[in-house]
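The same subunit A turns up in both complexes below, where it pairs with subunit B and then with subunit C.
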Partner chain A sequence: MLDLWLNYRDLWLDGVITTASLTVLAIFFGFFLAIPIGVARAKSSGVLGWLALGYVNLFRGMPLLVQLFLVYYGLGQFNSELRAVGLWWIFRDAWYCGLLALVLNTAAYQAEIIRGSLQTIPASVHETNAALNLTRWTAFRRVLLPIAFAKALPAIGNEFILLLKATSLVAIITVFDLMGQARFIFSETLDLRVY
Partner chain B sequence: MDWLKLLAIGDTGWGDELLHGLGITLALALTTFPIAILLSFAIHWAKVSKYRVIRVVAHTHTTVFKTLPEILTLLILYYQSQALVNWITGWIVPGSNLSVSPFLAGLIALSLVISAYGSEVVRAALNAIGRGQTEAAKSLGLSPFITFRKVILPQLWRHAIPGFGNLWVILLKDTSLVSIIALSDLLHVATLAINTTREPFFFYLVIGAFYVALVILSTRLQKTLEHRASKGITRMEARDA
Partner chain C sequence: MDGMTPGTPAVLFESVNAHFGDYHALRDIDLSVAQGEKIVICGPSGSGKSTLIRCINHLVPVQSGRLTVCGITAHDGKSAVRRIRAQVGMCFQHFNLYPHLSVLDNCTLSPIHTNKVPQAEARATAMAYLDRVGMQDQADKFPSQLSGGQQQRAAIARSLCMKPKIMLFDEPTSALDPESIGEVLDVMADLTEAGMTMLCVTHEMGFARRVANRIVFMDAGQIVEVASPEEFFTSPQHKRSRRFLKQVGPR
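After this line comes the complex of A and B, so read on.
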């Protein structure tokens, strides 16, 4: 079994780096995408609230594999239109497509986490903000968001682990992360111990 | 519009194939879920056993199947179970060459993964009931089996619905992975349709809508079950129990 490690050392290292970079970048961008969606879910009852609800239900209801295929094969279908707009460089490469799908997916889950942590802030905090006459934006930025972030951190840690497992799916759209390298080495050696 | 013609039922469109794939997806999920629930109870029972070996086996099962990505579990089980079955039957009938269907491999892999999470749901539900009920049943002279069936299980049901409902949704979405091992579930049929019609965006959007509809229906059903199970339980009791 050791020869499987040593012979393909570089490939395994590439795979680990790809998996790690995909996970970290997806969590990072997903968090910043999730904040407005989570706030819209927690506070708005109008159009924005409905849009956020639709987004969250869509990306939590579909399997990640379907979302990956939708972005990679589905949006790849529109290559002439995307070339005209100048966005084709994103969708041409499988790595960017995988990252985009992962970001959209994890943003939906993180938005629900942020919504939960915003809604469990006690009313006394809101009353204190009003008593101090803070503007809504200042109150959100200085008081509510730090409290919510601290509450959400364990759940986002969980989400990080789940995302790490989910990045193995991008191997299906030919991104050579850890799982992808395993498939490639299996195709060369036909040795099941690779998995 | 041209696109509705693609979904027609019958020979001209892909509608009936998609419905067939939906049937396979639901069949896989509906057969896996009861097995996963039974396994969850078994794994939890093993985790509180007084024999250390059984406890270690159960904890290993949970750790392994929670950490491995589901697709890796599925691929390993699919390829290895073939080899394992042939090795076992090789002792009985040398040179036999049985094959494990993708449906069975998907069933085994998904039920193992779901039961790893399900054992935690069972543990939380049993904790919510408390030891008092078992002690009272024992003092009445009821056997352990009758205690479980008539005293614990009806009360466990109410606490277990949210956890198992969540796991059902996860299971529905994980069934899409079996398309990788060529079982013609919904995603696989869509891929076949796309290979002939070259309309990936439309078809993936359609099956995405199918999955979202299934998930929304499941959450509605879960809320109804929760509501029915909490009949007669006032808020004070709900806080204690």
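After this line comes the complex of A and C, so read on.
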């Protein structure tokens, strides 16, 4: 067991770093993408609300593996167009593709967490905002968002753990995260103990 | 015009009606509150007392009739409600301090962001009002670290920081223990001496007798009786008020 670790230590460490950085960055960027989507879900009954609902249903309803394939293989087909708009650097690199798919996916889940937190803010808070004559923006920025974030934190922690495990799928699109390195080392050693 | 001329009433209800769905919460309310007047509203639960004062700053919409606050009615254009709310402070039964902000930040939030008062000035004003309600030592604490009475005094200071002309109190002491009730009522009595217009829903009959200019007794969404405390407690005119006073007991 120890020899598998010692012989391939650099690869293992590289895999851990890739997995950890993908997870942390995806949660981070996903959170900021989730805020407007979650707010639209909670507050808008118009076009924005429908768009947000569509986004959430699309990305929560589709397997993450399919999303990875769509970004990596699917969008990769538009090579010349993407070069033209200067976005080829994302779709050229499997790591960026993996990150993008994870961000889009976790944003949908986090948006629902934010929607739930916003909707469970008690009516008394809204009354207080009105009684203190806060503007809509101040009420949102200084009161509703901080309270919603405090409520959302445990659920986002949960999402973090789920996403950490979900990152193993990026190995399929040639990203050498922990899972990818394990697959590589297995192919070298044919030793099932790597897993 | 938001500034009141000396003669105009602070609050004027003219056959005001409010409904919650099918429920008729306020029926043809007529009431005029003079500037500087202290009104205590009492009555059994569900009688519309809270609804009556919540109409004043439009937490509850009025369906018909005319409600004028500081010379402004809600029909005076889009910003009327905001202009009314700028004149009216409110304290709630459950204090409703923002849990994520310190006492001082609770007090300065709206002055800084709504009234665009410079931060240093807002803090100085807040500290002055916190001092007045005896909370200057608790300014940096969070609401969860305070007793109910302290929270309510902080909430009163927060309302005062908006420099309102009218203060509304919606059962400010009914969630408090007897000792805290005393400290909150003392702060409120202190405000009355400063000439603030006050409308207060309360079950504290001793307080009502002490500070009120007039007592409004409500039942089933209607104003049953308006009288001076002296008249109301010694010779109530309506049998509904007599029954209420008997049940509330001699306090």
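In this section, the second predicted complex is superposed on the first by the 195 of 195 C-alpha atoms of A that agree within 3 Å, B and C clash if a C-alpha of one lies under 4 Å from a C-alpha of the other, contacts with A are read in each partner's own complex, and residues count from 1 in each chain.
Here is the rule we go by: a contact is a pair of C-beta atoms (placed from the backbone, for glycine too) under 8 Å apart; a residue touches a chain by one contact, two chains touch by 3 or more.
No experiment lies behind these values; they were computed from the predicted model shown.
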Room on subunit A for both subunit B and subunit C (clash or fit): fit
Subunit B versus subunit C as contact partner of A:Arg136, first or second or both or neither: neither
Subunit B versus subunit C as contact partner of A:Tyr195, first or second or both or neither: first
First (subunit B), second (subunit C), both or neither touched by A:Asn57: first
Angle at subunit A between subunit B and subunit C, C-alpha centres, nearest 10 degrees: 100
First (subunit B), second (subunit C), both or neither touched by A:Ile147: second
Touching partner for A:Tyr73 - first (subunit B), second (subunit C), both, neither: first
Which superposed partner A:Ser168 touches (first subunit B, second subunit C, both, neither): first
Touched partner set for A:Arg92, first subunit B, second subunit C, both or neither: neither
Partner touching more residues of subunit A, whether subunit B or subunit C: B
Touching partner for A:Arg83 - first (subunit B), second (subunit C), both, neither: neither
Minimum C-alpha separation between subunit B and subunit C after superposing on chain A, in Å: 20
Parts of subunit C lying in touch with subunit A, wherever the complex brings them together: 57-59, 82, 85-86, 88-90, 92, 94, 96, 98-100, 109-110, 113-114, 158-159, 162
Subunit A contact footprint on subunit B (complex, rising order): 67-72, 75-76, 79-80, 83, 173-174, 176-177, 179-180, 187, 191, 194, 198-201, 204-205, 207-208, 211-212, 214-216
List of subunit A residues in touch with subunit B within their complex: 57-58, 60-67, 69-70, 73-78, 165-166, 168-169, 171-172, 179, 192, 195
Interface residues, subunit A side, partner subunit C - complex: 124-125, 127-128, 130-135, 138, 142-143, 146-147, 150
